[in-house]
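Attaching a single structure in structure tokens format; questions to follow.
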Amino acid sequence: MRTAVIRKEHFNAAHRLHNSSWSDEKNHQVFGKCNNPNFHGHNYELYVKLIGEPDRETGYVYDMKKLSDLIREEIIQKFDHKNFNRDVPEFQELNPTAENIAMVIWQKLRARIDLKYDLKITLYETERNIVEYPGA
Amino acid sequence: MRTAVIRKEHFNAAHRLHNSSWSDEKNHQVFGKCNNPNFHGHNYELYVKLIGEPDRETGYVYDMKKLSDLIREEIIQKFDHKNFNRDVPEFQELNPTAENIAMVIWQKLRARIDLKYDLKITLYETERNIVEYPGA
Amino acid sequence: MRTAVIRKEHFNAAHRLHNSSWSDEKNHQVFGKCNNPNFHGHNYELYVKLIGEPDRETGYVYDMKKLSDLIREEIIQKFDHKNFNRDVPEFQELNPTAENIAMVIWQKLRARIDLKYDLKITLYETERNIVEYPGA
Amino acid sequence: MRTAVIRKEHFNAAHRLHNSSWSDEKNHQVFGKCNNPNFHGHNYELYVKLIGEPDRETGYVYDMKKLSDLIREEIIQKFDHKNFNRDVPEFQELNPTAENIAMVIWQKLRARIDLKYDLKITLYETERNIVEYPGA
Amino acid sequence: MRTAVIRKEHFNAAHRLHNSSWSDEKNHQVFGKCNNPNFHGHNYELYVKLIGEPDRETGYVYDMKKLSDLIREEIIQKFDHKNFNRDVPEFQELNPTAENIAMVIWQKLRARIDLKYDLKITLYETERNIVEYPGA
Amino acid sequence: MRTAVIRKEHFNAAHRLHNSSWSDEKNHQVFGKCNNPNFHGHNYELYVKLIGEPDRETGYVYDMKKLSDLIREEIIQKFDHKNFNRDVPEFQELNPTAENIAMVIWQKLRARIDLKYDLKITLYETERNIVEYPGA
């Protein structure tokens, strides 16, 4: 019986929404205060869901300690207390919307997690703005 | 890749559960204290989920500011600080259970949101009583 | 060493803010949408704090099971799924603001709790509107 | 239109992760501090989801009072303030991981809920470790 | 009887901890990852507490709608989606720690609220890092 | 101006309420299901508050990273995934009520924190049962 396990982690980061192929005026018009050239920031809450079969010997779908360590290594150390636009290579050309951040998190974790597990990402940018990235 | 964005809003309202084709006795038997003729009320927490493709230029599935404005215009202004049974036309004949409130919210938003988006509603009547309306 | 114990309980109720010695116009001007004659409602979250000395034999300041039972008997059974303006005697003349509801809760519990305990009430009307009534 | 209703309940219990067919050394290596022979414990938050058609006369998918009573009878009375390894028959041979606890909850409730309803279990072992058991 | 009312608001901002009279090395040593020259950010949760006497005619200590409007005008419009170090005049010379942000919020609101009210500020920088500024 | 900083940490533990100088019958009568000889457990949420003067150079009342490290060293490593009655020396003779656990936490941290800071402990045993230990 396929069962899901979910691990919650968090990171704090700065970002700015901006499309470099647009004029400043259009960027301001589309992204409003999220376009502030001096950045703003969020406490991001990240939920990583793995769906698979529980192991008969352990009763685990996945060892949550190992999942937490993996998320810290791949995501938290690279995003926490960083500026997405300036410090994170994946967002040099990509706008760091919650949608795109969730997609990049999925890609980075997908490369490290056995394909027998489905992987889904939920990211809270604020308590009121949430994104779910279900992967392929 | 289809991705979901979710916006949380809230409203406070009064209601009473009652089926006008039943006797008072049967209403009391079925709905218990929720049948109080003088009403009671809740802080409703509303999650509106849209599922679609992120736009390549903005990185948005949907502009969350516009989604928030739309929910406020269609739902919050009509339900907040209101009595469902007395003040809201849709509930003149329809019992304002959380199930039915979620369905009416879905119908009101579905009429305003492009059909390329899937629309799903989650409504918390209390922290412990929750309804999900997935739409068609 | 004086130590505090706090018990959280909740109730759902309808109310309307209204001063019967004022004109309808003034009531609407002062209380806005909270003056809706058809009522609105809330999920109230109630925190009851008792401050006293831990008992040497039990290690309890107060038995939390007994405190919960007392709150249910004195407050929850009288307020839950009720309309403050119509169903609760204390609010026939008193405006059911969160401030006044907290004061009435304090009075009702003060009469039942030994005076060796200090008693303080915190009431969440919503997640964003909170009242603290510290008593005498 | 199929609609979901979700009821949240909670219980507090002790447990220890242990595979009796393994050596103590291997148990400690795999389960780490969760293998403490003296047990540790959690405040479990349980969400029970039923998916079905709202009844035309009541507007309910399921009476939430009856669902709460059923969960209390089948789950809370049997698990709350208990030690999974010592007090709960289902875990005499089964490791009380969150995955297995969710599965046992599903089995116990499935036997009591009409098959016209889909049944899904979500269990929070902590705020950061969560399991979803979707059933058959 | 003096009673407290508390209003919760929020804002999202970027900041960097830095003492311009220190070397870069000392700044990094003291402030660690919070010293990132490219900034990071937070979802700040702000609780503003006013303590006073409830008005006999309204039952209000303070009109919470007016308190919310005042906080939005004095604080949210000036801090939300801003960079404390670059966009907010008060922090050109002052390090934007949570302690100092809470103090500045207190000063800005104290100038607008009648002295018959005590004013206290609680600021959540994250769910786990909290500051209380009790004022004079 | 004295300002408070608060750090939140958590631990999961098992315990049993029991007074060894009483009969089993009296223990069961007083402590009810909390007296289960096989133990039960909780996710404890701990808030440690230090009150002091912000440092002029850093803007910190206390470095929250150092406070977190201190709490982990003195409290989390000793209590997390432990059984209070069996594994923690302070509770060999002392009943591990939330009141007593908060007092022991205060004593352990008081010995490590400069007396120029006031120290206060808040401990959530569950979301609904909370203790505040204000110290001397």
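As written, the chain order gives the labels A, B, C, D, E and F, with residue 1 at the start of each chain.
Note that contacts are C-beta pairs under 8 Å (C-beta built on N, C-alpha and C of every residue); 3 or more make two chains touch, one makes a residue touch a chain.
This structure is a prediction, so every number in the text was calculated from the model and none was measured.
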(message) Counting one step per pair of touching chains, how far is chain E from chain A at the shortest?
(response) 1
(request) Among all other chains, pick the one whose mean CA position is farthest from the mean CA position of chain A. (result) C
(message) Among the chains here, which has the CA centroid at the largest distance from chain B's centroid?
(response) F
(request) Answer with same or different: of all residue numbers used at the interface between chain B and chain D, are over half used by both copies? (result) different
(message) Centroid from C-alpha atoms only, then distance chain A to chain F, rounded to Å. What do you get?
(response) 34
(request) Could you put a whole-Å number on the gap between the CA centroids of chain B and chain C? (result) 28
(message) Touching at least two other chains at once: which residues of chain F meet that condition?
(response) 127
(message) Run through the chains and report each pair that touches.
(response) A-B, A-D, A-E, B-C, B-D, C-E, C-F, D-F, E-F
(message) Could you list, by residue number, the parts of chain A that touch chain B in their complex?
(response) 17, 19, 21-22, 30-32, 94-100, 102-103, 127-136
(message) Please output the residues of chain F touching chain D within their complex, sorted ascending.
(response) 10, 12-15, 33-34, 36, 38-43, 80-83, 86-87, 126-127
(request) Quick one: which bits of chain F touch chain E in the complex? Just the residue numbers, please. (result) 1-9, 47, 49, 54, 57-61, 63-65, 68
